[in-house]
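Next come two complexes built around subunit A: one with subunit B, the other with subunit C.
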Partner chain A sequence: MEDIPRLPTAWRPRSTEGLERLQSSTPARIGVWRAGTRPTTGQMLKFRCDHASAVDAVYSEVSEELLLELGLFTVETQYGNKEIYLKRPDRGRKLTDEAIDTITKKCKLNPQVQIVVSDGLSGSAIEANLTDCYLSLLDSLAVHGLEAGTPFFVKGGRVACMDQIGELLQAEVLVLFIGERPGLVSSSSMSAYMCYRPRFGTVESDRMVISNIHPQGTFPAEAGAYIGDLLHTILQHKASGVKLDSMRK
Partner chain B sequence: MRTTQLFGNAYSFGNLKELFAKANEEKSGDQLAGIAAADAKERMAAKLVLADVTLAEIRNEPLLPADIDEVSRIIEEGVDEPAFSSIASWTVGELREYILHQGTTGRHIERISFGLTSEIIAAVTKLMSNLDLVQAAAKIEVLTTCNTTIGQRGVLASRAQPNHPSDQVPGMLASLYEALSYGIGDAVLGINPVIDSPENVKRLLEATKEVMAKWEIPTQNCVLAHIQTQMQAIRQGAPADMVFQSLAGTEAGNRAFGIDLSLLDEADELIRAQGSSTGANRWYFETGQGSELSSESHAGIDQLTLESRCYGLARKYKPFIVNTVVGFIGPEYLYDSKQVIRAGLEDHFMGKMHLLPMGCDVCYTNHMQTDQNDMDNLGLLLGAAGVNFLIGVPMADDCMLNYQSTSFHDIATLRDVLRRSPAPEFAEWLGKMGIMNQNGLTPSAGDPTLFT
Partner chain C sequence: MILVDNAWILSVGIDVGTSTTKLIVSRLRIDQVSGPGAIPKHEIVGRELLYVGPLHGTPLLSEEEIDGSALSEIIREEYVKAGIRAADIQTGAVIVTGETATKGNASTIVRLLAEQAGDFVVATAGAELEGILAGKGAGADGRSRVLKGVVANIDVGGGTANVAFFRNGQWIDTVTFHVGGRVIRMNERGKVLKVSPHIVPWLTVNGFLITPGQILKYGQWEEICNRMSRDMLRYLAGQEASLTWHQLLLGPALANRYPVEEWTFSGGVGELMGKPLPESLDGSSAYGDIGPILARSLARASESLGLNLGLPDQTTRATVIGAGTQSIELSGATVFVEESMLPIRNLPVLKLDLAESGSSSFMGMKEAAAKLIRQGNIWYGQSNPDEATFAIAIGSVGYYSYRSIQDLAKSLLEAYREEEPDNHKMVLICEQDMAKALGQSIYRQSGYEMRIVCLDEIRARQGDYIDIGQAPSGTWIPVTVKTLAFHSAAQ
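Then we have the complex of A and B:
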């Protein structure tokens, strides 16, 4: 009689309770077991699913509905297309001539607080988190008696596009909501960069950031309120980033 | 000015810097810097011209003069003059053939290595195919000793990288136990901290040291904080077997990392006096193509040549381990799998040509045109090339640094497929623990509760 192929018996750790304790102490993928030296089918596919979601986030677009709902008009940087955007960060820092024209026509000059939104490296991060964060920021600004200028959406933006916008509108303080590089834990994580009087030549250390804004990280609504407080502090001290830190010490 | 005719076109290259950049395989970082070849034909014209340049010409026309850059100065001071003069008249093309010649062994390459500048090593790399890079690197055996010795032919060592998103010791230990249960951790137990403070570094160093003592593990520990933070921790009595630092290929690039030669010298003295290890090699360096461009300190030099210069600097400190974090930097420097795989093989070869104990963090970020299958490929290629060590991360997913590397499973598999073993002392320990034997992983391997 021929041998009948047999599946290996299911894995039992030496201590089930011990394994649970280890697993609950870290988000790392441990206690995953193996097929020979390779990961099990379930673990391998789970990893691939998370990566698929991250890759799709890079290529995702922010929907017209969301922008309409929040009353944001759209302008573009010189990013061209997704491939150029990824290869040439410098292009994502420069607005098109058309964008400059539109912003100049539509926006209030010398705003106290200028709000800008960009897809960055994850359109789905904006889609998932912007509404809650944005609305609570508006509430927070009202509480602090701060006045926001005309908000808009920048397609294909990089963080430093805030300098050109700050220059154009002579903004007192600017906050940019932008999609972060997707990770496997969250493909939809948003950051908020803030800067006092961003202008051409602004140094990176003058920017400050609240990152990891998503339901499993910093809650979007909480982040919005906190950002409002921070903008208030920035305006009080007329400084942001490292400069602000040293003044507050 | 160097010129050539190709396909009926005339090509000219104003200086070595331009020639070096244009002779590179295609990289998005060289394109971003605006120094890459315009098309495939110009790239080939540059390679043809470079093949006929002599080693003496390269030494005599520095890309970044030694009087204005301390990395250049270290490279220049390190040249062994008799070794250099014996080969100064060779062309880059001839150097390639010498390295690949069947009669040329690792010992022969070692002898000429002391006469080569980092720029010469970069130049020959530009003329080599991927398989050239694998075969040539495989000739060179580099052994180093911290507490234990790694680098032997037939050994594939590994760094256990048990990072935790908030530096919590129990969570770090959980990943470390998982690593050890797969036979991972013979190169180093190395943690990237979230909080860069001496107290935190000390806490993590003590935690890994305790595990090493309790289970009598023959390896070494390291916490990859900024060098000054590590130095403060060591002065406060933290048990560090080695010190870590990221390197750049220019003085300005290193300044962007917050370091210079005098600081490295100071750290070197400290770890030799107060380190908790016993061996001669007490440094861990990380590098990676593109870091100088990202800090605008590249001086118009291509990213491959700058990477080679990092190794020229690293060589001064006789490190225990060096690895390129090849795919961490992103698509604006290495766009896709083709470019990352090429860079990984280049970096490993260039490091070995400097006689460095080269490892590689075979890795990528999610906005690059690459995936885990490409990492499988690069791991296998580097394994064949004799890479000293790879990075072990739980299921390849680093939950703190948010990028993907190689997994414990991957390293165990490469050892199996390529017939490589863990470092000898560590292998013996794994045998004693019942985790590995001559046939590879035992049935109880892969169970982190072995250590609870």
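Then we have the complex of A and C:
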């Protein structure tokens, strides 16, 4: 759908420039005017359109082509199907027996850096942003002289699936690229969660995140380069999250 | 707003003007302003004046030379009074302004002063920068953000009036005139003591044929000042200009005309505009020049032109406060920096305009970069073959992919290898947040041979000069972008 102009023609604000400046400071729907007591037709349609693409994103799948191109094999969590996945976050944290098997067979043990990708709540986020971010991260790892293990894709994953993977592979540091919960601003925003030696019982404060990776937020290529730096810092200090922050002060 | 590591840094400002020299010491607070989960971003979030020195007459050896040792002594004494040592100063600027900037030894003196003032203090000059710093010191940038319109500050000092236009807190244009208190010096009897050569053409075409020794009545002095004020202000206000206004112009005219919401006057003459002054020669002779009469003329002309005057934050010290508190900015936090190359001083900037014809393709970009490097070598030479003699500024390109960053990196690297095969040092200044990705790509593609300083979120233009400081905490890097210094004096 074409973009609706943010400023309806019927509205004459006292300062168009001032309003535009406010609008450019946030992607939120401000200054959209109204028709009587209701939103304008254009705004209403835009809202419904954005809502629909958010719903679509939750059900979107990461394409085989992308996974093939980046050389990622696929394993699944115990999510079952999308309906269960949405209702039972705990299932998205547990790998299937088959997944455990595949990972142990295919992956290098004790990697310095383990890269994992998951669709999470938005397959389209991975589709849109993974390639640029991932390739840039690989460059950054090379510059820092860090070695990555065998990367793979987890279907139906939640953030804390990092813990089980960490236990299995004994990764020194793990980075998980995962699709964020879609919103009305962007339905394809990706996050990168990082953790030093993730394991069962890892507390949330040990994880750190770079979120909002998408073309209207942090650009994937620059984010990937920065994530490499962060992983380097985590390895230097042997800590991540709040622990790392307090060590750096 | 999340404030994580905050730091205070000490900054000095020194303004060597046409008639007075001023010094201030301030401290700047730097904080992380980005939220959790975002790439870190640091900004200067607070500015505090710690010491404001008195006005000193600018010491001159002759009409053509600044007295360097007397100036150096002024700074030494001021530092003692302020209770600081040069070693404590982490940033700041020495600026030589007005007519003083045209003195033969201005560039040498100001550089020596900067070294004396502290390791990271920069030397700057140039009427354009002077106007911008004065406008910021007067608070015009902040007012333009609040007012949602253009705010112009006119800093009228001894030798020049420096005008800067701001919109949304950013400067958009500058212009400078030979209008100031000291352009004609006089005594309390109305006797002409000295006429600045810069003002003679304007006086002549206006039929004011005055020579030193001549005695003018109050009304005649007023007539000169009225005409001068009207010529400048009518032009600035976009009203039908006189036929002679351009004789007052120093440097280029305005690029555009702007609807100005509010005007502020700063500088020594701006200060006098706010004071009740007796309308007589006696009452106007306190400074031995036309300053007080000019101030009254400017006020009157502003009123008759219907200019909406605002109150400046600072008047006499607008420029020095601007120099001390507004001359540095911080690079984005995700950069690619070979620390052994820092600090870098006075590096000229060449602008690579990627939006220009056909330069989105790899060959187009490489050709554009090679052309730029050849130009840089002609302009700035290469005394040491393994040294960056200029920085390349890369403008905004909108969204970029990993592929396009690789192409840009490759084109820059190949252009450098063809044009400067012995050079392994590169300084890049990106407008957009892309420095880490670009820097690491060039480094990797060069087989880890290139030494690179690649910064971002800094806007620099062709002909600017930049200073890049060391990162005190490793997370942000102070940068000063200076508009062309010493056009005339250096060449």
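Simple rule for what comes next: the second predicted complex is superposed on the first by the 221 of 249 C-alpha atoms of A that agree within 3 Å, B and C clash if a C-alpha of one lies under 4 Å from a C-alpha of the other, contacts with A are read in each partner's own complex, and residues count from 1 in each chain.
Going forward, a contact is a pair of C-beta atoms (placed from the backbone, for glycine too) under 8 Å apart; a residue touches a chain by one contact, two chains touch by 3 or more.
The structure presented is a predicted model; accordingly, all values stated were derived computationally and were not measured.
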{"item": "Of subunit B and subunit C, the chain that contacts the larger number of subunit A residues", "value": "B"}
{"item": "Touching partner for A:Ser15 - first (subunit B), second (subunit C), both, neither", "value": "both"}
{"item": "First, second, both or neither for A:Lys108, with subunit B first and subunit C second", "value": "neither"}
{"item": "Subunit B versus subunit C as contact partner of A:Val32, first or second or both or neither", "value": "first"}
{"item": "Which superposed partner A:Val209 touches (first subunit B, second subunit C, both, neither)", "value": "second"}
{"item": "Subunit B versus subunit C as contact partner of A:Thr131, first or second or both or neither", "value": "second"}
{"item": "Touched partner set for A:His237, first subunit B, second subunit C, both or neither", "value": "neither"}
{"item": "First (subunit B), second (subunit C), both or neither touched by A:Gln43", "value": "first"}
{"item": "Touching partner for A:Gln23 - first (subunit B), second (subunit C), both, neither", "value": "first"}
{"item": "Common interface positions of subunit A, toward subunit B and toward subunit C", "value": "15, 18, 21"}
{"item": "Residues of subunit C touching subunit A in the complex", "value": "4-5, 36-39, 148-149, 168, 334, 336, 399-403, 405, 433-434, 436-437, 440-441, 443-444, 448"}
{"item": "Complex contact set, residues of subunit A against subunit C", "value": "15, 17-18, 21, 131-133, 135-136, 139-140, 142-143, 191, 209-212, 215, 218-226, 228-229, 245, 249"}
{"item": "Complex contact set, residues of subunit B against subunit A", "value": "28, 31-32, 162-165, 168, 170-175, 177-178, 330-332, 335, 365-367, 371-372, 394-397, 399, 402-404, 407, 409, 412-413, 416, 440-441, 444, 446-450, 452"}
{"item": "Footprint of subunit B on subunit A - complex, ascending", "value": "11, 13-15, 18-19, 21-23, 25-34, 36-39, 43, 47-48, 50-51, 54-55, 57-58, 86-90, 121, 181-185, 187"}
